[in-house]
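Some structures are shown below for you to check.
One chain, subunit A, appears in both complexes that follow, with subunit B as partner in the first and subunit C in the second.
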Partner chain A sequence: MVTCTGCGLLCDDIEVVVENGKIKETRNACRRGAARMRGCMNRLSPSVNQKPSDIKNCIRKAADILRNARSPMLFGWSNSTCEAQLKGIQLARKLNAAIDDTSSFCQGILIEKVLQKKFRTCSLEDIRDKADVLVYWGSDAQDSLPRHLSRFSYFPRGESRQRGYEEDRIAIAIDVRESNTAKICKGHFYRIPLKGDWDFILALMDALSGKVPSYDSKKMLELASIMKKAEFGAIFLGIGLTYSIKEDFDILQKLADMLPNINIMPMVGPYNMRGFNEALFKETSFVNRVKFDGKASHDSSYSIVEALRNKSIDTLLIVGSDPLSSLPRSAISHLANIPIICIDPCVTLTSRIASVTIPCAYSGVENGGSAVRMDGKVVELTKILTTNFPSDEEILTRLTEAL
Partner chain B sequence: MVTVMELYQLLPRTNCKLCGEATCMAFAVGLLSRKKNISECTPLLEENFKKQKEILESLLLPTKGAEETGMIVHPELCTGCGNCVVACPVDVANDPHGAGIGRAPTNDKVIFKVVEGKVVASNIKECRRFGKNRVLCYACIDPCPVGAIEFV
Partner chain C sequence: MPIDVGKFLKSPEYEIKITTYRDIFQVEALERDRFGEEYRKLSACIMMGRNDLKKMGLKAGDRVRVSNNCGSVVVEVKETKREEPGGLAFMVNSPWSNALVSGDTGGKGIPEFKNINAKVSLVKDEVTTLESLIGIFRK
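Let's look at the complex of A and B:
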């Protein structure tokens, strides 16, 4: 039994068949997990200024670049183990650098609220054993976390939900399109217009407090009555909702306060995004967008998107992420002007333009460690294969020593 | 997936009874459930039905890989989510502490298993659609949003 690092669910019931130092077959992992276990098509090789080199030289060169940088930023972290993330935070402290992870354009703001205990939350096992009402809001769990419905939420039979999805559970989808999750929810799919989440929340709050909602009143009253009757419910907040209601999350808190039996759970995509958020929260009480300068300061200008747009950073160290392919076009032009150090197991778009590339082991397959699941549970990762590549934790340790 | 009406449209539709069935419609049903073979329809083997026979063969090609219960798994559509593994009532009865609670199957009595990110059916004799007392069960089709499981 090994742990899969394909998504935020960290399934720990995967079986693998290893033959000749390679994974021949994976069992029980979804397609996404199986692809992650198989590894990457093109392995990254060490290089300095696009010329082949060795890892030792690469680390020395990376240390030179970081030493000369006036405002460096360390970015990535969502695909690294907790141990590597801690090393990264130490390195940022030492360099007086800004540090940010992919949660700054993902679910960071919701995870912050959960860590500040502003939302009621629960574990995925609680949901499996007790939940009777499940709301997928702006989230297509079926595609982004493929085993979410089958392992924890809708289909399994839990301790007090012995009849599982057939009679004991109601799944509700609120989304702008009929996603695969919505297809499973069938009779309880609420289609909303683009950016219509705000109006939908207001209408739902009206329906919950006994007023006639202004918007699709019959369906809203039906939804409100299901939510009120819930013995143990869960709302899975997806990135669709986060992007739609932007920074103003107080309304969501008001809605959560009106529903005492319902828990809130942000859906996390990358396998250890929550791990980074928790580690940084413990050290600085912020989950992302932090700049160390003697003390830790937090501002939206320290987010990767804003920093690139304002051209306020002069060096970028990327660990296990590919900003060139995931960030908006308006933000990425600055990447061409600054030296980039890329630590990644695979060749990515970003690694192709990087000044220094340092290949690392594939975390969760070639090196172990620990990671934090989307509900906050710490899961141990297992080492399956042996490799000559150092882990990202080891690279960061050597980089810190070289500085 | 091909329907009975589509098959019927391509048959001679003379109700000649040479195949042993009462009507061409009954023969079309037999074709779809793989109880009858195209070669049993002798008029279809004649020269003027050559084109229709070819179309029939191509339409029936996907049903060749079907299990005895008529189940077809399309591996190219499957995402390996495991909804069918957990939803199948036979899997739950045979493995209550594995597949029943959403975890990986713990024994070999289950029908569905996920291998290499795609679902594989085995133990087909356990399926509720198999045997004398079969029932028209949809438990594995309904939870699949991508339509990777079909019965013919």
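Let's look at the complex of A and C:
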């Protein structure tokens, strides 16, 4: 059995069939996981200024660029092992660089609140064994964490939930779209208008405190009653909700305080985003957007989006991420002005415009290490295939030495 | 020879709100080959409910230009399989949707990935290629 690094669930029940040094078949993995384990068609090759090179020379060149940078940023990290992430944080310290990860424009705020113990939370095993009420809020788990419902929440038998979804569990979806997850939550789908989460929370709080909610009162009272009666419930918070309420998490905290039997769990897409958030939090008390300068400062201007918009960085080292693909084009024109160093197993949109590209092994397939599951559990990754590509951890070590 | 007036007329533009979502088949294609045809086909599209399509005189398979002051892309129209309340279109999260997302975050660093205002109009142009989306970034 090996662990899949396709998403933040880190399923550890995957069987693989290896043939001629390649993964021929996977068992138990979902489509996303199977694709991740088989790997991409376009492996990255070492290059300097778009010309073929070797890894040694690329690392030397990357070190030159970083040495001459006045305000570098190190970005990515959510697809790296914990060991590589620690190396990245050390490198940022050494360079007095800014460091940020993809949680900066996704679930970072929420993960920070969980690490600060502002919300009651639990493990995925607790959910599987005990949960009777499951609320997917702004989260289409079926498409983004595909085995969430089947391994941990709605479908499995659990210690105190012998009859699973047929009798013992209720799944609820709150979303602007009738997602594939919402489809499963038959009769318990609450469709909200775009940006309607805030009003929905207020109405739910009214219903919970016995007032007549201003908004869809019949359905709201029904939802409040289900949530109140929960013996052990969970709200799975997706980016739909995070993007909608942004920084106003106090209101969510007030809602959580009214529901003592309900746990809050951020849904984490990339396999080790939480690992990076926890590591940086341990060192600096912040989960992302940090600038080292003798001390660690935190500010939204150190977020990848603002740093690119404000053109406040002069070099970007990217590990396992593709900002040219995942960020708004209107925010990232600065990528055309600065040297970019890309460390990735595959060719990405960003690697196509990078000054230096350094190919690395696929973590969880070609190198081992550890990662933090979406609920905070540390999971070991297995090396399944042998490769000549160094791990990102090794590249970062060699890069730090070359400096 | 009669003049083909239609040739000079611009197709009507319709204001639309777009939200983005994730799709497991598209993510699968991304893992395999983000430059591949499959990924483009599953990404460069906009989904709308039947009533909205009717209102705009569009049908599945048409190509539309979706544009706003952040950018403009040509994508294929698809019809949602479910009943929709209307007024909201869906694009899977991808470089095509990101061409339309505003970079203005009010200084907060979180763009409005799921809340896009744009105009849609029927076109005959080809679907925007990934290469053309990267083009301007080349050094």
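Odds and ends about this structure:
The definition used in the following text is that the second predicted complex is superposed on the first by the 403 of 403 C-alpha atoms of A that agree within 3 Å, B and C clash if a C-alpha of one lies under 4 Å from a C-alpha of the other, contacts with A are read in each partner's own complex, and residues count from 1 in each chain.
Keep this in mind: a contact is a pair of C-beta atoms (placed from the backbone, for glycine too) under 8 Å apart; a residue touches a chain by one contact, two chains touch by 3 or more.
From a predicted model like this one, the values you see are computed outputs, not experimental measurements.
Annotation for subunit A, partner touching more residues between subunit B and subunit C: C.
By the document's definition of touching, of the two partners only subunit B reaches A:R128; subunit C does not. In the superposed model, A:K219 lies in contact with neither subunit B nor subunit C. By the touch criterion defined above, A:S144 reaches subunit C but does not reach subunit B.
Of the two partner chains placed around the shared chain by superposition, subunit C is the only one that A:S104 touches, whereas subunit B remains out of contact. In the superposed model, A:I14 makes contact with subunit B only, not with subunit C. When both complexes are overlaid on chain A, the residue A:A35 reaches subunit B and subunit C alike. Judged by the touch definition given at the top, the superposed model places A:K383 against neither subunit B nor subunit C. Contacts of A:H298 after superposition: neither subunit B nor subunit C is touched. Of the two partner chains placed by superposition, only subunit B is touched by A:T26; subunit C is not. Residues 30-32, 34-35, 142-143, 146 of subunit A lie in contact with subunit B in one complex and with subunit C in the other.
Within the complex formed with subunit C, the residues of subunit A that make contact are 6, 30-32, 34-36, 38, 40-42, 104-105, 140, 142-144, 146, 176-179, 191, 194-195, 239-240, 242-244, 246-247, 269, 289, 300-301, 303-306, 309, 322, 324-333, 335-336, 346-349, 352-353, 355. Interface residues of subunit C, counted against subunit A in their complex, comprise 17, 19, 21-25, 27-29, 31-36, 70-71, 82, 84-85, 88, 90, 93-95, 98-99, 101-105, 107-115, 130, 133-134, 136-139.
Of all residues in subunit A, those touching subunit B in their complex are 13-15, 25-35, 128, 142-143, 146-147, 149-152, 155-158, 164-165, 180-181, 183-184. Chain contact summary for the complex, subunit B toward subunit A: residues 78-83, 85-87, 92, 96, 100-105, 113-118, 143, 145-146.
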